[in-house]
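Two complexes follow with chain A in common, the first pairing it with chain B and the second with chain C.
For the complex of A and B:
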């Protein structure tokens, strides 16, 4: 802050009067009061002096030769710009009209002759206070404007960083439609979707309490965990547990995230959903029936790990069914009467949709018609997921982002899982993670995951547990199979499943060798072609293994399976090119 | 005519107090300035320039009020009005009265300086 904001500094006062004696009196008076005075004989000189050296306060005679006070006042106000330069007319005018004209010309007050030094001093002080106040206000306004601009710039950068971390994943899949405000991150809404390596996809819809940067900051780790874990094959429940634990730790009390996790399996035609604090979702069956997806949990970031329930509800679906999930911005969208869109209107919008148009369009149109605004102006996040045939989504899982790191090319590792852990822990995400360190394998994560998971399931269920896949041929047997599986898992001892992974570079790409050994007594692999009649789940599994791997060998009575998986640079490059379009 | 005093003793005393050493300069400035104003009034009359006459009388009035010569100020005020109403016929007499009053004021002021 400059000196002129302190009260003690002498003021620079400019006076203009054509009468030599009056000018002399005023100049002397003001100097005696301790101010610096410059004087001019007419308006033009006064404007010149003001332009040269400025002044804190200007005293102007109204009637002067060359340029009168009124005109000088206009020029000086113009030169002063945003600065408040109090302008006081000196006058022996007595009629009210003439005095009013002085003020209209931009004067702030007037002093009548004869001069009275007490009045002069009081007025100068009063106007100086006003001037200082105006300065302070302008200064604060500039400060606020600068801060605001800075804040917007920071938000813009933060948004760019955020968009990189919390990219939209596979939200562009053909069966997903969504609406989210472009700056939704700053109103606390998040929407992520990621393909699962084993097929299908996982979607997270979230709504943080609060707005602005605090909400955005909470969303960053959520995005990291969601994309990181989902692409490594972790289930929706695993991801939820991890996110919940993280948010509990980092969010202040009173801040949390209402959210829904959706795990869509297009092969099994089922949805697994966890809703914690979001408005009821709607599952629209192809036949027009509605199923409500109610919130059955507290939001993420509220309960500690011990009390957190990450179990997901399973919904049977058919291709053509549509799931709608939303944040409360949808139901709270207001019309100009202050009424809210609400659940009833949502249902009416859906019912009115009939056969024409999608449920998503019906709701968006409904909100628009109700509020009379473009939904873009609201904090509306709406997601629609259509259940489709698995084949329609081919290629989605190959869009997983690829790291630019070189990664290991030649390596070998052995991972053995034993006894109790066989029933409690899935080694698949970890093994997939190891394989995904090879950039060339990253886009094949779905296939690798399938290989690992089929090998592991076979080793566990048929090798270690000695279950027969024949049981699964009948509905009764299917139930018995899983009951028996649970029972046997509890009593496992002296058993292991060992994975041996070897990766090596070949001329045009690389080769991954997966060996899976188990401690079981072996199963009948002799007639691999016979199980190819697709009469059971494991039959399908073996078919898959054969299709994906270059070779599949069973040794030692089925306790050792080996798969050799080749990949080629050309393939990876072609797919990379394909995803950019 | 007016019954206001030639000089306001109280106002002059205050001016003396404010101006200190510069009081002499002020009085001499006023006397010189006033002679110029009277010459200007006469010249405006000659050119029948009512606007210039009125403005000159207005400024003269201001400095008379400030210096403490109320009767001369009053005469200037009447001249200003005459000029504004374009009654220059009466103005010649008024300038005579102003000149005569100024003569008295000047004598008294000079006595003040001694």
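For the complex of A and C:
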């Protein structure tokens, strides 16, 4: 075989001719040119020699006994397979039809007898060049094929590593539907969802600039931060700030991540959304109205921490409302005319869905019908989140990873947060973390977080900021309430919120006492037993506190709240989520 | 060439004009357009009047230019965008970083 890539060695030439004299002349001539020559008397012998030892170039007489040149040509080409073995017919034929038949049988050229030394040399050299070029091209093609296979194998493995880091979280929750190409990570798309310890969930949809490995590498720390912080109870804004800072540090200038963070609260029935650089999201209300979730921020990884704005917009929802978020692959899906799907078609797809189908199916069907391709082939990430009754999602947060370490059982701690930090920092993850050191409380993280967060929210909004929950009675007032909250947070001074946590062991379980004090002027907690009027937008926080804790006391005009929370080993084992009485 | 440059008369402003698609294929040419200029250039104009399309890698290139021109103190105007291009710039909220006209 001619595996050597050297071009200077003598060529191995096989000739077949039934005329002894012609054969001898040609053989002598080729030897003088420096080539190795083997010869055969007929086509069958030539095929035999070729099968045994191969040849670089074959010269065949057209008319021979036993097997003629054309038949031999077919066999030799078959044996040669992908290799180019130039095949030249030797002929005294001058009839154009006969010459054409030689080439049809697989011949590459012909030499007419009597032989001309100069023509023979020139043709042999020309075909040798072609042969070498063909070999180089085949070699490169094989190399590319191998590299490509290797790359795909590596991507497959890398994807498995990525999947372990960016596990599905709660993307399989019943109210989430999504489409992401299986290898979307190498398109730079990311989609994560994680339950929050206090209930509800947090979702991140992202789209890195660029493709392939660079995009995939950027996605890894994003996944780690997102899942790590969300499961510890950090808010969407906190997670965004951390991710942005990380990406600023690790990504080269010019690379960034367009993203949307969604924090869904099924208890308060509200969505908080931050959109930086993704196409408009759509909130489809149950009554058919559309609300647009526009991008109001620069993508992640562009602005330094000082200028980064992580404020999320609050959207009131009702069970049955559906949120759609997508990457630009959806709007830029092309049909065979090179037109893009675009926003208009998206809206038409949604309008056409009516009340029958789900918005998610409507969009997927719309894209499919427009592009004529299977959606699997597209570089498309689409997420749909349906707002549901909280009760329908029982058990989602149970999937949070648990630590098996032993922890403290008898302890007491005071944590006070003051002034500007009240507006900038949430103490809840830290406090939750301290409580979660108690092994028996870990399964109760959702309830504990709720207690802490309701107490903190009450102390901050009604105590320190002096906001009245009456405003929240109307949808308009609801918006005003949050705008005013934002404004007042900026001017806090001489204020504090103090948490005092005490944990003791009791027979068969433990008791956690949470005291929350604030520096505000107190609020009218009225008849605590009457709070929890389901019709208003407010008051549910206090009702929750009452349901979860054994007792709830407000003292000192509402500036001091105390909750006693009992837990039992038996409940922890049975993973009951209910109330403690 | 899809990318053309010219200097203002005082030599302080460099205008970079991009024709057709502004995407990764123009990466090298775009960089060359501003990196080999002399030190007198203090301001840049990116003229998109003949730009038909702009993708996220072009946004990245604009950030590279901004970094090159001094980051937060960079003087860069993006001019004459068509509505599609303008829309992509505003989805990404690039108004916060560039003067877009």
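Keep this in mind: the second predicted complex is superposed on the first by the 393 of 581 C-alpha atoms of A that agree within 3 Å, B and C clash if a C-alpha of one lies under 4 Å from a C-alpha of the other, contacts with A are read in each partner's own complex, and residues count from 1 in each chain.
Here is the rule we use: a residue touches a chain if its C-beta (ideal position, glycine included) is under 8 Å from a C-beta of that chain, and two chains touch if they have at least 3 such contacts.
Everything quoted here is computed from the prediction, not taken from an experiment.
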item: Chain A as common anchor, with chain B and chain C clashing or fitting; value: fit
item: First (chain B), second (chain C), both or neither touched by A:297; value: second
item: Partner chain in contact with A:277 - chain B first, chain C second, else both or neither; value: second
item: Touched partner set for A:22, first chain B, second chain C, both or neither; value: first
item: Touched partner set for A:92, first chain B, second chain C, both or neither; value: first
item: Touching partner for A:117 - first (chain B), second (chain C), both, neither; value: first
item: Which of chain B and chain C A:32 touches, first, second, both or neither; value: first
item: First, second, both or neither for A:253, with chain B first and chain C second; value: second
item: Smallest distance from any CA atom of chain C to any CA atom of chain B, in Å, after fitting; value: 60
item: Shared contact residues on chain A - chain B and chain C; value: none
item: Residues of chain A that touch chain C when the two form their complex; value: 207, 209-210, 253-256, 258, 276-280, 295-299, 302-303, 328
item: In the complex with chain B, residue positions of chain A that touch it; value: 18-22, 24-25, 28-29, 32, 61, 63-65, 91-92, 113-115, 117
item: Touching residues on chain B, where the partner in the complex is chain A; value: 11, 14-15, 18-19, 22, 25-26, 29-30, 32-33, 55, 58-63, 65-68
item: Chain A-facing residues of chain C, complex; value: 56-57, 59-61, 63-64, 67, 91-94, 96-97
